[in-house]
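One structure coming up, written as structure tokens, with questions to follow.
The chains carry the letters A, B, C and D, assigned in the order they are written, with residues numbered from 1 in each.
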């Protein structure tokens, strides 16, 4: 990974940048690892807070810890804004938005009780782990999966449309057949049941009782069993196809927006324009 | 998309045709979008009507709205019949039948209470969305899926026959093993259980209790787990095979029967003969 | 299909053979279709007999019908033995054994009550439908599936061994973790639960309650979700591989043992030696 | 299989080695088959012991049998250590560790009650069956599966990371949406529910009741239904790819560490250095 472009930056900013945004100096690496642990701990704290017995005993302490973490992350967020060359680009990039959303719930919880639980969105920040430990390889694999899904997105959308139509029609039929009893109390609820059945989840909170209902349910189940072959076939065929092999891109990860796969000769990020 | 053949049509008919059947003039587009919203709203109204608490409060209003929608769709259906060059071809095409079926339940509900819920079949009309928003690409992808399924239809039928036989035999065995108790009260019910299990839906409304029954159920589950590889393999192999790549057809969508994939030099629809 | 070899057969035997074993004369076809209906009806009768309310009312009639069918099938079985060139070959072929097993349960039911339900094994005889309606194509497709499964049988066996070992180990761990409570009352029962979970059936008749148990269950579920990729991958890869394309065999079906895929120049069945 | 290198071994050791570690002499084969049966029986004994009704009646006898088996396996383990050329290599190889772990639980059960159930880990020793019956072919197939999984391990890890993040975020949302009621009593429990749902297991011990909750659950189910295509696609594509065909190795199985796939000209095991 090349050193970041530092022409216009004062030297303290340059140093702070390399600590906060990069992970190839010892200081930068330590910062990133500390950050990962802080995120992980803060998520665990939020989870523990939701467990009634633990909350009853340690609630106040947990809330203090939560505010400390949020304070720290807020400082970190400000530091990122100050240090980065293009603050707005960072703030509006996917990473920047996630970084901000990881702060918001604590503040909102002052107004709306319970919203602090949404802090678990911080888990998304843990995905940085791939960058910190030089797991560019992983990022590449992730991009492979995403590319295969993208290439088959139309097929998958068409498939989902067909599934949704099927579920609406069969759900309604079941409502009529079971006569609004046995849990099939309305069409939306019957559609919910149809989704539970077609996806082979099968909670059993609602299940048909009449002979005709069980017959119709059997048809839906076998359909669901056979239909699952379609998305699987789409993705398999896509992944096995020769054009799914990625062209040889430069596997450098942009510090600001985490974009990879730059052209071999690229000097600037293709997504946000940051110097690579 | 070429302008429709209009040699013999009077100019008002020609204009109405372009509004009702096409979507490349501003008026045609507005008509189609209004239609989509009307269909969506009418389906929502039917669904709400089935929710007891809402029906108790707003039932009469919802029924009025439903009749208004049905009236509007009836006028639309008549307009289509008048305006199209070959009314019978349209009425007997898949689209025409769906358009008609979207009207029938309201009328039948005058005789048979509850049949108005079948109006949700109107959802099928929403599939027009692909045409309206020039999503011919989607239609193409849909045809790809359908073609792959068609090419493997014999294999899938053989697979389903084997699955049904398996389910009948194991369902009966379970009936004998569990001795008609624990929910396995008859052979048809035990077959229903076998389908629930083989497809990995697993409601749990019926589940084996005896040791022998649970052993047999385990065998069936592992079979179901392994057997799902078969349809998936069939479809994957089909989709990955070179001959599944579609030849280069002209992606024009017939206004009457929605057929796509005309030969590049085609001037008339291969399915209904309408001028493209 | 060529006419059967009839050198040594008296003419009445020859005629009976063409009616009973073949389906290309009008008489043969009528016989086969009548047989299919008889099988289907007899299976339905057995199923109805198992439904308590129907049995209470029509039980005696159903049992009479059942005996009539069994008598007819017994005569048919004898006729087959008399008419075929090599009775023993037929009796010991897969088809012959199924034909016999379709008779046995009624006789055994005189000694062991309830065994008549095993008559549903007659469903297997329905698979003849493929031959009667000249669905040789289907038989070919079936052989394709069977061939792919055969080619991957070692891989599937290894996979099943791994799955069984996993299920035994995790089932036992759950028994220890849940402390013999919450339905995990013994190791075999816990193994049954593990199978229900790994295969994603998930009845819910037994489900973990302790925190550690739910964690372990989560691991097992995600394993099951990922592991299902293995058999699917095996079969998909096998079906997509070029050598899975069948060589061009002669698609004649042997009248005695139902074998297909004879060498193009074959005059005798490769499995039972019957003249093709 | 070649005779083991015996230069430095006294003749009794050489003979014992061929009996205990090999299975190509009649004595060696008998020893191995007896061992398999002993392992199988000892596992069955442990399982039976966990069934309350059986334990109440035969408990003391079963415990005696268990100790006899453990004693025999202990002697066998010691014999292996004495007889093998490199005892430490054997003790630290995967096989050696499993052999040891199959002994430990009985000893630990003197201190911690209940730990004897962990003896089922002996099942792992049954995997020797592949070697004893010259099922080297199976080992090769197993290695094929393992190789395909290894080659796709990064993709699968990325996929699992994405799944875990999804499950944490949706689980928390459900906790907020269902308001800590209907079984969603804490975030960890809600995450457990999300895993049960995404993997399509669907016990039904926890299931959403509010309209918003059921809607969110429907989204998760359809996601789970579509997402399963990803690991399947990965493994299918890997297995179908040409480089997944194994190079032609010598299929000799090392007696000490069970390694296979030695180079054709190899005379020593590539993993533990034992003479082949």
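Please note the rule applied: a contact is a pair of C-beta atoms (placed from the backbone, for glycine too) under 8 Å apart; a residue touches a chain by one contact, two chains touch by 3 or more.
Being a predicted model, the structure only gives us computed values, none of them experimental.
Looking across B-C, B-D or A-B, the interface that copies A-C in more than half of its residue contact pairs is found at B-D. One rotation lays the C-alpha atoms of subunit B on subunit C, and its angle is 90 degrees to the nearest 5. Subunit A and subunit D have Cα centroids separated by 32 Å. The multi-chain contact residues of subunit D, meaning those touching 2 or more other chains, are 159, 188, 200-204, 228, 232, 234, 236, 240.
The touching residues of subunit D, counted against subunit C in their complex, run 43, 46-47, 50-52, 114-115, 117-118, 120-121, 123-124, 126-127, 137-138, 141-142, 144-145, 148-149, 156, 159-160, 163, 188-189, 192, 195-196, 198-205, 228, 231-232, 234-236, 238-240, 244.
Of all residues in subunit B, only 154-155, 157-159, 161-162, 165, 168-169, 172-173, 175-176, 180, 185-188, 197, 200-204, 207, 211, 214-215, 217-218, 221-222, 224-226, 228-230, 232-234, 236-237, 240-241 touch subunit C in the complex they form. By the touch criterion given at the top, residues 200-204, 232, 236, 240 of subunit D touch subunit B in their complex.
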